[in-house]
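These notes open a run of structures that come right after.
Heads up, the next two complexes both have subunit A, just with different partners, subunit B and then subunit C.
The block that comes next holds the complex of A and B.
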């Protein structure tokens, strides 16, 4: 078991023309599952490949526990890895494929066979154990790849978007398998994904990346509920946070904050599901708006657009809400103060309590 | 509906008839030679050609009794098989390196490599003769090296195409799991490019088996192969060619390539498309 520490880690390609990872310093906790989440091209796969030793960092160091592994060969890092595409070995059976990494380990044959059986059971692959891997569907093949990575019992396992290229019909099934697996494993797991639902489902911590840097690292609930930047608020959620710019909408910002806008706050943000709507006439602290387009969002909720001058606020309403279908009607909306985040001109979160003091 | 079906069926019959006709036209010389191997000299030269004849094994037994023919076969076999095996052993790591490390001018190097195979043998044979004489290479070792070196470029080219089709993720997975590059090449990549290896093997085997001019000019009695033997028989006979003997020798000479093509034709087709069969990733 080991934590993974990155100290000032950076990676440039094309002689500095492309900076994939910038001066990262962070720790992946021992025995935890951390999802590296971010849009395509933000550097998450490059970061993972550096941890695996498949890319050499331009700057900085990588430690597994106390050991500096920055220049250590991949084969000596003792880790497991699962790639985006299900990598299986043609002609092998499921059992043989899973047992391949154990061939290089000096263990008694019975011990190796027992380990293979153990992971086969862990991933529910019993019925396919003697099937040729090339005849399996993509999700089952990816399960085999996961089993192979787990079978080594390496202290660290890396997953590079393992669900992305699985047939849509099997994605949910594989996600469920991984969630169960992660809850049973004690290894340090890093899981790269651009899918926030996947990250929310699987992670103990999410490290949100943007342009080669870590925007915020926190447990999923904290990251979603208390984003530390405008980007984190915007990227997470479907749709992301609403933002009210203080400069162009001072009255709305003040209403949302329940009083004067503290100095230094340039925007206030809140989640669509935290917006409360009333059609019962003016209310204290509520903002008047016209109900715009209403669509049915995932989960049976209505997603409504509330129009106030130039401002558009997204709100999620229960499917049976009486205001949901009366497009064009006047409504009043508000947000509980504890659900509101304030941001400064650097787009970083401001602590409202200290800002008021 | 019925008439459409009949038209489709009619077209199909016409299509297959044309295919069979073309195939037969191309196969006729081979058929003539194979039939001639079992005819008497009178039957061979009769006009029009005799399709019904009394088969005889005289020609075959004369070939087997002739003291020089068995060495021709032995020389053909060891030169072709040996050189191709060595060529594949050398080509696999070369193709793997070309595929996995994109060093500068890789494409140009690949072109240079293949261009050696594009030079007509008649153009290359004189400088090769000078070179082989200068280095004292004329004989077994020289011919073996020659066929091996001629087989390498094409093998590298074919194998690189196949290895390119195997995702590097396979290599990385194995490396992460503790394997070295040699292990990756032999245990991970090689099993996935078997069709390429078989295709390269057969193409080069047929080349070395059929090669005549280098063998004629650069070889010595220890390397004389079947094409050499046939040409000597034809040339030395003047106007009295023993067609029965030549036909029997040719037919026996055809057995190996025909068997190879018959049993491995699907690999040849894959080889001709240069590794379009991709590794599953």
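The block that comes next holds the complex of A and C.
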């Protein structure tokens, strides 16, 4: 078992023309599952490839435990990796494929066979054990690739968007398998994805990336509930946070914050599901708005657009909400103060308690 | 960042334009028709220069027809029976087969080894220049190469005999010595066509998905396991195509041999193509030479079929 430490890690392509990863210093905890989450092109795959030794960092160092592996070649890093493209070794059966990385290990043959059988059972591949891998569908191939990475019992396993290239019909099945698997493994796992639902359900920690930097690293609940930046608030959630700019909407911002806007706060943010709506007339601290388009959102909720001058606030309503969903009707909305996040001009979160003091 | 730009977090998808989709369908029908129309001249030329002469040749194979000796006379399968019963013809066939097998074996062996070396040295300085120089023989016309090597092999002032002489060896008349002539011609063919197999090997290796090669690195696969489970399954189609093309080409080698030895000494280097040339353009026996050409064509088709069979077999496994 080993933690993974990155110290000042950076990667530039085209001799500095494209900066994929910028000066990262962070630790992936030993035995934890961390999802690298972010939009396409944010550098998450490059970061994982550097950890695997498939890319050479331009700056910084990588440590597995206390060992500096920055310049160590991939085959000597002792890690398992599952690629986006389901890699299987053609011409082999499922059992042979899973056993291939074990051939270099100095273990009795019976021990190796037992390990292969164990992961075959763990991933529910028993019925395919003697099938040629070439004949399998993409999801089963990817399961074989996962089994191969797990069978090695390497201290680190890397997953590079393993669900992306799987047939849509099998995605859910594979996701379920991975969730069960991660709960049983105690290796250090890094999982790259751009799908926040996947990250939320699989990870112990999420490292949210943007433009080659880590925006925030925290357990899923903290990242969602207490985003440390405007980007984190916007990227997570469907839809993301609402933002009220203080400069153009000072009265609304003050109403949301329940009083004066503290110095340094340039925007306030809150999640659509935290918006409370009433159609029963003016209320103290609530903002008046006109109900705009109402559509059906995930989970059978309604997603309503509340219009207040130039401001559009998205709000999620239960499907049986007593609030009239007729377009054009007047409503009053508010947000519990504990659900509000305030941001400064650098788009970073401000602690409201200390800001008030 | 000094100012907040919340607008960038408010982006919404734009609706798709159905009208532009319909226009796209019309455009694609037009371009398909244009594409077919552009094919017509090529197909006409192909018919005039390939299809009609081939059928003409097949027909002539059943006639006794020598230019300047009167009208063609239908003789049925006589030309083929004569070819079948001719010991000389069988000797030519065996000679050709030997040349083909040895040439292709060396070209494939060297080509694959050198291809792997070039593939594995992507960051070697001067790699591109080395590849360009290596491919030069392939782009030179075989007739030019034949003449060039004829001068190199020349016993009196040829550079090879100069080197042999320099090391105290006895001068060899490579192209008239019965023991040396076949290896001498083979060496030139190998020199000319090994680059082609290097190219095919590089193309085959280039067709292997990077993710599979990287997975092989992560999984610590041995060289043999990499070749067997990663490289061969992806690269075999291109590599087999290269071998097939070389096999057919080596089987009908004519121009190189004609310029170097003219088929001699005696008939030591008279391969099927050379024999065909002699019969058609020295003896003007168009009937017999057409029959030989037809046999060559059938052999080429057989080789192609074997290749396709092997590929289909490996694909169905």
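One rule holds for everything that comes next: the second predicted complex is superposed on the first by the 356 of 357 C-alpha atoms of A that agree within 3 Å, B and C clash if a C-alpha of one lies under 4 Å from a C-alpha of the other, contacts with A are read in each partner's own complex, and residues count from 1 in each chain.
Going forward, a residue touches a chain if its C-beta (ideal position, glycine included) is under 8 Å from a C-beta of that chain, and two chains touch if they have at least 3 such contacts.
Everything quoted here is computed from the prediction, not taken from an experiment.
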Putting subunit B and subunit C on the same copy of subunit A, do they fit or clash?
clash
Partner chain(s) touched by A:81 [first = subunit B, second = subunit C, both, neither]
both
Going by the contact rule set out at the top, does A:63 touch subunit B (first), subunit C (second), both, or neither?
neither
Does subunit B (first) or subunit C (second) touch A:347, or do both, or does neither?
second
Contacts of A:100 with subunit B and subunit C, given as first, second, both or neither:
both
Where does A:148 make contact in the superposed view: on subunit B (first), on subunit C (second), on both, or on neither?
both
Please work out whether A:90 is in contact with subunit B alone, subunit C alone, both, or neither, and reply first, second, both or neither.
both
Output check: A:52 vs subunit B and subunit C. Expected answer is one of first, second, both, neither. What do you get?
both
Who touches more of subunit A, subunit B or subunit C?
C
When the complexes are fitted on the C-alpha atoms of A, one of 7-15, 205-213 or 277-285 in subunit C overlaps subunit B. Which is it?
205-213
Go through subunit A and flag every residue that touches subunit B in one model and subunit C in the other.
52, 54, 74-75, 79-81, 83-85, 87, 89-91, 100-101, 104, 134, 145, 148, 152
If we count contacts the way the header does, which residues on subunit B are in touch with subunit A in the complex?
167, 169-170, 172-180, 183, 188, 191-192, 279-281
For subunit A, which residues count as touching subunit B in their complex?
52, 54, 74-81, 83-91, 100-101, 104-105, 134, 145, 148, 152, 158
Residue set of subunit C touching subunit A in the complex reads 1-4, 6, 9-10, 209, 211-212, 214-222, 225, 228-230, 232-233, 317
Parts of subunit A lying in touch with subunit C, wherever the complex brings them together:
52-54, 73-75, 79-81, 83-85, 87, 89-92, 100-101, 103-104, 132, 134, 145, 148, 152, 230-231, 234, 240, 243, 245, 266-267, 312, 343, 345-347
